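Dropping the structure in here first, questions after.
Labels run A, B, C and D following the written order; every chain starts at residue 1.
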């Protein structure tokens, strides 16, 4: 059984109030390491056995149409074994 | 400049309505690859230069206290260069 | 004669009964449409109501977009069929690419319910023709993801073509680009609006009765056809 | 590993069982053995332990709560009383209303967002279970001091959780309370009230009868939520390799609940259920034993049929799981197809897990093995009852004998500064930072919502019939005198209803207290119940249900005794409601009711670190006359706002700020007049042409009235003190955003 990971992040030019909220909360709590923070989504998808190329193509399509909105977001697909 | 990634996922035994919504939408759209889907958060944190071990310890602490709620979530910290 | 206006119910729609009430109060016949069927039941216009379709857990409107009823609506809309998307309905319209841009988390990250002042910027759409140009109205706003975002190019087009139909006045509730509260497609038959006109149709139950004009506008336009 | 079956339990009577870890006392365990005539199986032990817990069995409170029945006012309006999931009252025109408050205090402390969210989810299911469409919610909340770190941790999450769940369900939030006091630090109170409406013939009850009828579990799948305690048992008895830590918090899925609501309403409409019960605390253990116990026969459950989210759950855990968004219905076999079709339409999972039997026992099997064989009543209703020791705490008499002093303003500048200070204090300040996170408009029937005195909802669009609901408690008075405190809370709630123009009809309550094992707390509790029962009887109102939450304490420090009272009222024509805000200039302002100068328990005293010495004494006869005065006078009131927390000062400021119309008033004894919170008072505005009428009404009901000024302008003028609306607004609205961002 493998795990496919889809990471979805807002495009850099799109306002990310969640990331900003984290970025401004960190120093209030005494954490000073962050220059900037962006917050996105992470999908862990379990598939049976090793994903086939055909399956991966499907995943790409799902990532593009359902899991992300190309108007505001970008995505990356990875396989974890 | 490096990027620290914090991935936060709900613990496996905790209900994940978001992941469920995706899991049940996929087959309706004709995507049949997924056995299960979990949805979590992904934080991209930019830091100046290579993070020091002391910084990484801080990140761990922030991940545990601010970025996740250990009662229901787990987190992983990674460095991307 | 009376006109039939469809009101779509997705799983998780909340303001469907309110939208139907507004249609009827404006003099139309509200026809319930269910997400799982692609039958438009011979309606002459459609309202996509507010709510949290499918819980809106992924992105608002992202899953509703794929409902069978949306296929029919997208096709009809391309032929000039009037569609009004309110709040979640607006989000569905953006996700369906009937309208450009996207609605994202409010800039202060909170759900916000307030009586919001708007300026009507375009009275040439099916849904706004009853307003006076520049008219200011007050109707409820209530959402967690109402921040209208798009790229600069799109924004330029929207502004230059007068497709911003309403703008927030006096108060920026969510960080929308150019304080955009609602937009239309090129043809003006498809309108998306973040605030809720269907909650401003009876003075007792809302801040005004300004919202009714969106519905009477469309019905007037249908008469004119 | 081996299943602990009834056979095994009989064969191995001496197996040691972890009953103490599950919270059962030695004698309670012995009683279970006596009931069963053998040791319980581990599944039975799990069921008894959780059903006999304080939360489910009311073992410490039952002896007191009895009074609600014994002293009950016999109201014709009461259709379903205490004992069902929620009480139901007749409001006329064949409509019935059900409403109830519940607490979700402890979970909200651990995980504020989810704790509060599932609190809303739970009370809404209670209302739905009665056959009603939920139409509104309210949320009385209590926190530690506003600037305490723990308050900053829990408040935003709790507020977001209530909004997140309630908004997604499409339920208007029409009111609540937010009170800060240091005793709630580490012990926030999250109470949630839900109101539902149905036609008389649609009322549903939680009973299982008719041999051969099916038991259907529907809604979300069952996971390992909220079974922390029982995992002890599962892992100790069976399989040490299991995940050791089961989550003690539950995550809510409001979307699942929304479709469950629509699904249930469609099922009710088609008349497909014989009985129905929601799954809340104690999950299936509670639902099956209560349904069976209230029915005429027994019940057989095949536990392996329960659809699981987590396949590693043991039978004990399945029985205990508090997974949200589930319901259990009894359905006749000939109707099951139709039932299932509606569930499919809404994409709701539904499974037949058993049937009603002709026997008298609740039998639960797991893959054919009998693991539970009990008389259901012994689980559901015959739990232990404690008459816990009661002792009046020393502080009561000590305080009563004490004196206290707080600084009072004298000249105009001091009055102005004092008013601004009071209205900026967290307990009095504008709450819209919180309430704007709640949808108050959805469903399109909200006539009044926060910050009005009561929430008011239209029930019928043609006849304009409506209902009003208010929740109230003054815990400081309850601390000084719990008997009077309870009476005053009920009186205040009724007054809020009448102030809005509705007639009080029925009462619900949520009693939040410290540990029942502390005799002092138990005294506070007993006095509260006695006060509430007496007051309800005297005011002629039935108590239709409620909830008790004990163990709200940090170490040995208990919270203030906090009986939150909810009153339901009915208004024949919602168009005639009275709003709180001054609507126009040139109206006369009257204070209805007399004040005395005692500042005990007042916000002004609290602001100076004092609680005072004696609670006011409730004058319920006067309160009754006041309610009638308000109802009779309703046509001449342009606005009405009750005087409570913050005294007349707060009432004046709120009345002015609502529509930003000023007022000028003249008060004798200005400081006491402004800050005393003497109950039984209302501020009303009338046209001067109605002077004769108000005077004669006051005479008719023997209620003192005082003309204190007139409306208009852009300031609030109190004697020589002039405060601009701008200054008032700034002071009133800045506090919450400053504290919480």
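What we mean here is this: a residue touches a chain if its C-beta (ideal position, glycine included) is under 8 Å from a C-beta of that chain, and two chains touch if they have at least 3 such contacts.
No experiment lies behind these values; they were computed from the predicted model shown.
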Identity of the chain that, by mean CA position, is farthest from chain D: A
B-C or B-D - the one linked by more C-beta pairs in contact: B-D
Mean-CA-position distance for chain D and chain C (Å): 36
For chain A paired with chain D, centre-to-centre distance based on mean C-alpha positions, whole Å: 40
For chain C, residues contacting two or more additional chains: 54-55, 57-58, 63, 66
Multi-chain contact residues (two or more partners), chain A: 66-67
Multi-chain contact residues (two or more partners), chain D: 253, 255-256, 347
Arrangement of touching chains [line / ring / star / complete / other]: other
Residues of chain C that touch chain B when the two form their complex: 54-55, 57-58, 63, 66
In the complex, chain D residues that touch chain B: 110-111, 114, 220, 223-225, 243, 246-253, 255-256, 309-310, 323-324, 347
Chain D contact footprint on chain B (complex, rising order): 10-11, 13-17, 20-21, 24, 69, 71-72
Residue ranges of chain B in contact with chain C within the complex: 17-18, 21-22, 25, 28-29, 39
Touching residues on chain A, where the partner in the complex is chain B: 1, 4, 7-9, 19, 22, 25-26, 29, 31-48, 51, 55, 58-59, 61-62, 65-67
